[in-house]
Each structure stands twice: as structure tokens, then as C-alpha cells.
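Each of the next two complexes has chain A plus one more chain, namely chain B in the first and chain C in the second.
And now, the complex of A and B:
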């Protein structure tokens, strides 16, 4: 078991290098990188009043920047070296926790990312609590009241949430409740006058802004978690040990809560690690829809602006979290289910 | 049934599928929708279905373009059939134009004097769901966008299935070093942040239809591969495989004609859900602006227009309703197929 987890941790490194080298190479091969963008900006700034917009075309003569300056820029961004060398330069810096400098904000990538973290963590933790807080009780009730009116009605809702992706739910909520009915604000994390509000006012303001995004986030995991809980509880209720407990004369209610429930939580534990990942990385889509200044929106914006140091920085953090989240899931499973032995069959998912 | 020579097991599964009413009707409705989509040019098009001009009949839908001069107009570019219809109606000389139910295509900007797009739904203008921010008809964008999304999902599905079935079967059947190698590959591959990497790739190379399919298939083949590996592995231990081996059947024959038919449940069950996730994914990418390049009609692009133009609620409403209907139906079909192939009965006590 220990050797299994050691192996899993060791596997993080090759996976991490594989993912980053792939993306790093891609970002180097393309036109439209930071140098081209700077050249264009410089050309536009220099072209005011004159007509030398041809600067970028031949790169010489009309260009506002001299060859020397371009070389300097290239050296600055590490574009003067072959891809593989500058990759290892970059990787070396990552190991010393230096993610480079954002080409858009001209501040360290880590600072940019750090400033977005609190918002993403807020949404992540709230989603986590809501998901487990709603889905587990709902799953239990649905299992006990299988095939009753309550089960059927809530199944319809669950099925809806299962078929419709969360971003569509988000967009629908935004259009209906924020734009048309004007019950909730359209976007953002807090209001403009946030600093002037009282403590309670601040809390209400955050809640007001968070309500719709949280519905969308919840829609993403609601159906799967609820059904997982319901189905695994029903499997357990049909198992021999529950039959034995009831045959002994134990109350049904007690058989459910004392015996079946704990075992039914095991499948939920497998997805716990991935939820942790979501805590930090959020969702590109939902953050973009509600214009929440979190991690996902940062990733999206830096892609659009071709701010590759930030793109790579986010990739580093999200893939590391993803890898750790998967291992965390395994640890959770081993924790709630003492029977689980990893690594013996070699066929774990 | 006897013509198709189905085995009793398949007939039973088909019967079970038909007994699940909402799944069965969704399947029929989806099939009708798909068929209509194939001939979308006859239903949603700026070209006329039929033109009768001076005693001669023209069917311009699938032919080369007819210049305006064909119908006695002054210009040599493609005939504007909507104007032609109005002209003929005004002249009353026995010439007529039969337009499709929605007389717009997905690319033309129907700009009108005195109003700015987006225009609200209007039966008078035959923009039944209104127009988008550049004056294109939303029905047309929806229909052609749906056709592209379905084709996209279908192609993606084919790529994923070819890779998944071949690699998965080989992993389960041969086992050993090959299995171990691909287990590691899958482990590494599934740790890539899927959406983000696709976005990065799409921001780097402006994707065409085919490159987008290939990129997505390259990152999405693992799920089915893994399931195929597991079920092939299970089947391999059964007696009929040993029997076939004893009779001297080759590996390809054993996998192809013995194991594969027995794993069909896994393959079929996944189809509807793969289609749904293909549509969802393409729409999400288009919404973020990293999908198919404009002016390709797409649901995601409409969604992004709609969320930027919230004062024009008909844009968002149309797309959301269309997506909900299609995805619900696909999922109903998926549930019914799963139920038919793998009926699960619970017994419990009270």
C-alpha cells in the first residue's frame, strides 16, 4: 500500500513534465507571442501622426525598435534559445518556485495568481459544502423513499441536472434571474461600494453575488453525487448484512444510519480529491459567464492575451493540483474502506 | 426481424428498449430531427425551393447558383429569391417563387433600414426566433449549428471508438507489457487538464473542423479504452475463448468475431453519452471563443452573443431551449439503452 502511494507520488514528476513540455513547445511555435505584440504596440505608438504602419511587415527599416532591442526582448523572454533549452530553463525556475513574469501585468506570475486565489477558494469551498450538504441527505431520502412521489419528482430534477451542462444552467440563471427579473446582480464578486458597507452588508453583498454562480457550480456535481449516494445506499440496503440486521429485529431506520450509510459513502470518497481540485481551479466557463475574477477567468484572459508565462503558471498549478487530487481520492478511499488494497491487481481506476 | 437475423438476446434487448417509452420516443424524435437536418437546405435556406418563371420550372436548392439575370433581373450575382418573390407577386404575371419555411441561410445578414440588429422574433419577417447581433436568422444558425455539432460529435465518437476499441481490446487480450505500458500512458494522459489544454491548443492554431476533432480525440480516447480493456479482460477468461483458441482461431478472429460481440453492451451504452458530451464540449469551446472559427454557425457562439446582449433575451432563450431539448432527449435514449442492456433490479427491506 505504501509502495503504491510512493509510486503514485513519483509518477507525478514524469506526468508533470510531459504535460508542461507539450504545452510549452506549443506556446513557442506560434506567431502572436509577446514579442510580436510588443512590436505591434510600439509600431502603433510610433505611427501616431505618420504613416509608418508597415513596421511589423519587414521588421527592419520602418520598425520602431532596433534589431538590438528586439534581440534584447528575445533574450528577456528566453526566445533566443532553442525550445528545449528554454524549457529546461523554465522548469529549473519552476523548481525554485519562480514562475516568471507576466507579459501583460509585468508583475511576477505568482503574484497575479495569488491575488485571484481567495475568490476561487471561496467558491470552491462553498460549492464543496453545498454539494455534500445537499446531495448526501437527498440521496439517502431518495433511496429510502424509492419509487414514491418524492423520489420521482426529485429524480426529474436530478435527471435535468445530469443532462444539462452546468454552464447552460449558469447562462439560463443569468438571463432569467439577473437580466430579466433583476433579483441578483449581473456579474462580479462584490459591488462597487463594497468597502463602505457594514460587516453584515458585506456578507449579504457577497451572498447576493454568489447565489447564481453557486447554483451553476452545484448543477455541475449535483446529479452525479446524488445518484451515486442513492444507488450505493440501495445496493447496501439489498446486501446480506442489512438483511441480517433487520432479521435480528433492528429498526429499519437504525439499520440504514448505523450500517448502510457508512458503506455507501465509499464511492463518494473516490470523487473527493477531484472536488479539491475544483476548489482552487474553479471553472473557466462559470467564471467567464458571471465575470468572477477568479483563477479560471485569469486563465481564459491570459490565453486570449497570449500572456504565456501566466498560461504556463496556471497549467503548472492546475496540473499539480489535479495530480495531487487524484492521489488524495485514493487515500480517501483507503481511509473509509479498510478492505481496499491498491497496487495488488494493478487495475485500479 | 428474421431478415436481419438477430439473435434472441438482441431481440430481447430491443423489446426492452421499446418498452421504455420516453427513451423510445426520444430516439424516434431524434432520428426525425437528424433526417430533417440532412435536408436542412430544403427547410431553412435563402434559395427558393421552386421558381416558375415564364413557364419554366427551376429548382435552385442543390444546383449551381442562378444569377439574377436568369429571372430577368439586372444583376449577375446570385438571385435574391425573397425579393424575387415580392417582385413576382407585385407583377402578377403567373410567375411564382416557393420559398422554404424559413427563407434565410445561416450566413446572410438581413439588415433592414430603420432598425438595428438584433431584431426580436417576428412572424412577419419570417425571423421566427429573431436575429442575432449581426442580423443573421437565429433559426438558421440553430439548425445549421446543430448539424455541425452532431457531425462533430459523430466524427469524434468514431475516432474515440476506433482508438478505444483497438487499444482497449489489445490491452485486455494480450495483457503483459503492452497492457502495463498503456496503463501508464492512460494514467499520464488522464492527468492533463483537458479543457485548458484544448483551449491552449485552439488559441495557438486556429482550429478547423478536423483539427479540433483530432485534438479532442487525442485527449479523450482513454475512457472507452479503459472500459473496453476491463470487459475484454473479463471475456478472455471465459471458456468460449479457450475453445476458440483450441480450435486454432487466430487472435484477430477471436477478438473480432468472438470477444467483440460480447462486449457490445459497453460500446452501445456509451454512444448517446458520448454524443451528448461531444455537443456540450463543442458548444463550451465555441462559447469561450476557442472552437470553430467564425462565421461557422454554432450554438456556443450564439450563447456568447446572447450573454453579451442580455437586452435581447430571445438569443439566449432560443439556444438554451434548443440545448435542453436535444440533450434531454439524447440522455433519455442513453438511459433507455443502458436499462435495456443492463437491467438493474434492487431489492430492499422494510
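And now, the complex of A and C:
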């Protein structure tokens, strides 16, 4: 089994190179880029009050910068070299843990990303705990009370939440609870006077701000895991070994927890490792609605602004986390299911 | 007084097509220390009857609609699930057809084995449970029992797993062991070993066994009395010798005829009973075997044959058994 995981870890490298080379090339092929953005901004600054924003971008003739200046800029950003060469330049820097400098914030990419981490981790961990904390018990109860009123009503609720896009939930909550009823603050991650608050006050302040975004994040996230847990537990409740346990004299309720539950967690374990990516998750739409400076917004804005170093930086982190997450999932599965023996000779029958 | 008596048991199942009577008026009694064979094709209601004794009918679909299952002065069908839990595994134990799926794949063998001991000895210490598990494993003939205790079910062969199941069933020295096709899924050689083991254990523990099978060869080896079931009813009951020597019910005769015999001519066609057991929602009126019976007459598909005493020690449920018996004697 160890050799299996060593092999899996070694496979991260080629996969990682494949992913990054693809995206890197794409960023070079699509029109627009930091230079054009700067030209655009310069043009805007030059033509104050002008309504034709795009005028500066078209044709070099109307540009506010001379061709020489543009060449200089291209050299500065490495756009003068062929794609593959500048890719390897970039990759070499990545291996020295240098992700480059954001063209938009003109600060190291890592600093930009780091400033968003606490927010994303907070929401990631909160949704993770709430999702599994609700879905697993709910799935268990639903399986035991299959086809009862409780089961039907909770299914309806869970799928209702699943069916509504999260940004609609977000806007609805914001309008109702923040704007009309004023129960919760309108936006942001913390209040302006956050630094002056006591520790408890800080915690409450964060929760106060987080309540509505969390509702928006969570509304749709219960359906899949709950139904997976329910169906998988029902399969296991019908399994022979549960009947064996009851035939031994075990009470049904105890057989559910002592025998069926662990087996039912196996399908959940197959994706559990990927929760490591929660560090950088965050929905751009929800972050936009609640004005939270998280990863979703950063990723989206850096794409729109053609801030390629940041785009690539996020890609590096997310693809690495995703690849490691897959391996962690495998480890989780091997942990709950003793039958799983990756790669090696199999059982000794 | 019999140890266990099933009296006029009826069981119905709720299906998509409505409620169906799966078991119809079945009465079986089991004496202390005897082995009773319960025979019939797949779908005859043998397992359902056994599961009803254990209170293990699939819920909520299956339900006992009539009759009693009397064991030690109590009616098992009337017990609460808590009372039933104390009987199950303790007084009445059961082993199943599929040893591959009857054990929990994610728990070690020793844990599952110890569990059945612990359930009925709540004050047992860990060491006590383990040594008991070890003793049981050894007792049912599992080599290297110490090591096997810490293995998972998938590391054991089918025969080993069935031995573990038997060890589990025996942990409380039950008075009745219900064996539901325990050898059907095993190789013939392993099958013989398991039967041998069951026979030895019965002698040692003095327990009664209800042995469910469709294999008459196994019955001949193990059982002293046989109940033949067909489509949820009892067709015939007799001692093993009598049944094999002179079957009265055409269904029993059909079953016996379809056993290949060494003395039969080579390459002759093996007789079979035409058709299959009718599914529970399309049972014939009258005698349920009538649509497959070569001796069926008009009355057979109208009147329900009642179980009647053929001799002092055997019963049969067939409208024509007297004439058929005379014919059989005449041709013999």
C-alpha cells in the first residue's frame, strides 16, 4: 500500500505540469492582458469624461504609449518570449516558491493570496462542519424513518434548498434580514470597529456577519450528502450482516450504529479528502453579494483584469490541493474499509 | 411437549400489487434434540417461516397474520422487540445461506464473534470475551484461530466464514439452531465438512436443529424428520426413511425423482417437475401445486387440500393421495 501512495504522490508532478501548461498557454492565447489593461487605463486617464472607453485599445496608432514603451512593458512581463520559454521561466520560479508579482496590486502574488486565506478558511471550515454535521445525522434518521412524514418533509426541504441558486438565496436573505429587518449587517467580513472589540465581541461580530453568507452557502449543500448517506445506510440496513447482528440478539437501533453506519460512510469517504480544497473555495457570486474579500472574488477579478500572475498562483494552489485531496480521499477509504488494499497483491485467500 | 411448535402460522407480505399471503396455515413442531428438515424449491416459504421464528421478517412489508409460535410457554410472535432480542442468539440462533455477506466486512472476525457472546453476557470482561471467542473458533475447527481472530471476513474462505457463523450461533449454547441453507453456497467437500461439524456439535450440545435446504441428499444425511413445503403450505411431513421410501405427495415424488441416481441408465434424461414455483401474486386456487402436477384433476384447482394424517406418524395434503398410493403399490 505504501508503494501505491508513493506512486500517487510522484504522479502529482506530471499532472501539475500538465494543468499549468494548459492554463498558462490559454492565458497567452486569449486577447487582452496586463499591457492592454494599462493602455486602457492610460487612455481613460487621457480622455477624461470620454464615453468611448474602448477607443484606446484598438489600433496602436491611437495608443497613449509609444511602441518602444510597449515593447519595454512586454519585456518586463516576459511577453516577448515564446510561450513555452516563458512558461518554464515561470515554472522555475514556482519551484523556488516565487509566484511572481500581481500586475494589479503590484505586490507579491503570495501576499495577495495570503490576505484572503483567513476568510476562505473560515467559510470553508464552517460550511464543512455544518454540512457534515447536519447531513450525516439527518441521513441516518431519514434512513431509519424511511417513507415517514419526517423523511418526506426533510427531503422536500433539502431539495428545495438545492434547487434555488445560492446567489438567489443570498440576495433574498440580504434584502429581507439585512435591508428590511436590519437583523444582520449588510456586508463585509467584520465591522469597521472590529479591532476595538473584546475577544467575545470579535467572535460575535464575525458570526453576525457570517450568518447570512453561510445560509447562502449551505442552502444547496445538504441535498447530495444527505441523500448519499440515507441511501447508503438503507442499503446497509438491508444487508445480510445487519440481519446477522440482529439474529445474534442485538437491538435494531444498536445494530444501526455498531454495524451499518461505518459501512455507510465508505461512499462519503471517497470524496472526503477533497475537502482540503476548502482553503481556497468561495463562491464569487456570494462573495460579491455580501462584499466579502474571499478567494472567489479574487479569482474572478484577476481573470477579468487579466492579472495572470494571480490567476496562475491560484491555479498552482488549487490544483496542488486538489491532487493531494484525491490521495487523501484514497487514504480515508482505506481507513474505513479494510478490504481496500491499493496496488498490492490483494487478500490472502 | 415439543420444544418449539409453530401452529397455524400465516404470514402476509405487502407488495406493490397488494397484500399477498405468503405462508398459509403452516404448523410444524420441533422436538428436543431432533433435526428437522425443511425442504422445498426456492420460493416455497422455508426461509420466511424460519425468519418468522426469529422475528426477523423484513419490516414493514412482512407480517404474521395468524397463528402462534410457541417456545417455552411463550408465543414468540407476541414478544416485544426487547424480549425477542433476549431470545434471539441466546435460546434460538440462526445461520444463513450466504457466509460471504453474513459477516460485516469492516469489523474483525474476533470482534463480531465476541459480540454475540457479550450480548448475552453483558458483564464479561474483554479478556474473557476474547478467550471465549478463541475457544469457539477452535471448537468449530478453524486452524490458527488466534491469528484468524484479528483478520477481516474477506481474508477468510467461504467455509471458514460459515464456521465463524456457526461459532457465533453457538456462543450462547442455544436450544434451537435454525440453519437456512448453510451449505448451499459452498463447495461439495466443504459442504460435507460443515454437515459433519453440525452433526458433532448437535451431539455435544444436545440442541435441536431446523435445517432448511432444497437438497434432499443433505436431508437424508442429517435429518430425522422432514417437512416438505410448497408455495407457502405444507405438502407432506414424515420421517426421513418413510418419506424417501414412499412419498405420498406428487410434489415430494417429483423432488425425489429429480435426484440423479447412480444406477440409472447412462445418458437418460433426468426427470424434472415442469414449470416453476408460482410467484406469490399468482398462486392457483385450490391445491397450489395443481398447475404443475401430472395427476391434477378438476377438483384440485377448486378445493384446497387439507393436511391429513396418512398414518399415525405422517401427514399429507393432497386430494388424491389415497388413489395415488394404491396405484404406486400396484405398479411396484
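The rule is short, and it goes like this: the second predicted complex is superposed on the first by the 295 of 349 C-alpha atoms of A that agree within 3 Å, B and C clash if a C-alpha of one lies under 4 Å from a C-alpha of the other, contacts with A are read in each partner's own complex, and residues count from 1 in each chain.
Heads up, the rule we're going with is that a residue touches a chain if its C-beta (ideal position, glycine included) is under 8 Å from a C-beta of that chain, and two chains touch if they have at least 3 such contacts.
Values in this document were obtained by computation on a predicted structure and should not be read as measured data.
When the two complexes are overlaid on chain A, chain B and chain C sit side by side with no clash.
When both complexes are overlaid on chain A, the residue A:140 reaches neither chain B nor chain C. In the overlay built on the shared chain, the residue A:243 is in contact with chain B and with chain C.
Using the contact criterion defined above for the overlaid structures, shared-chain residue A:339 touches chain C, although it does not reach chain B. Applying the stated contact rule after C-alpha superposition, one finds that A:262 touches chain C and leaves chain B untouched.
When the two structures are aligned on the shared chain, A:252 is found in touch with chain B and with chain C.
In the overlay built on the shared chain, the residue A:328 is in contact with neither chain B nor chain C. In the superposed model, A:27 lies in contact with chain B only, and not with chain C. Looking at the shared chain after the overlay, A:311 reaches chain B, while chain C stays out of its contact range.
Put simply, more of the residues of chain A are touched by B, taking chain B and chain C as the two choices.
Angle at chain A between chain B and chain C, computed from CA centres in the superposed arrangement: 80 degrees, to the nearest 10. For the pair chain B and chain C, the least inter-chain C-alpha distance in the overlaid model is 5 Å.
The residues of chain A shared by its contacts with chain B and with chain C are 243, 246, 252, 347, 349. Residues 11, 14-15, 18-19, 22-23, 26-27, 29-30, 146, 159-160, 162-165, 167-168, 171-172, 174-175, 178-180, 186, 234-235, 237-238, 242-243, 246, 252, 281, 284-285, 288-289, 299-300, 303-304, 306, 311, 314-315, 318-319, 322-323, 326, 346-347, 349 of chain A are the ones touching chain B in the complex.
Remark: chain A residues 239-241, 243-252, 258-259, 262-263, 336-339, 347-349 touch chain C in the complex.
Across the interface of their complex, chain A is touched by residues 180, 183-184, 187-188, 191-193, 195-197, 199-201, 203-205, 226, 230, 233, 276, 280, 283-284, 287-290, 303, 306-307, 310-311, 313, 316-317, 320, 323-324, 327-328, 330-331, 335, 346-350 of chain B. Contacts from chain C toward chain A in the complex involve residues 54, 56, 81-82, 85-90, 93-94, 96, 98, 101-107, 115-116, 119-120, 152, 154-157, 165, 168, 172.
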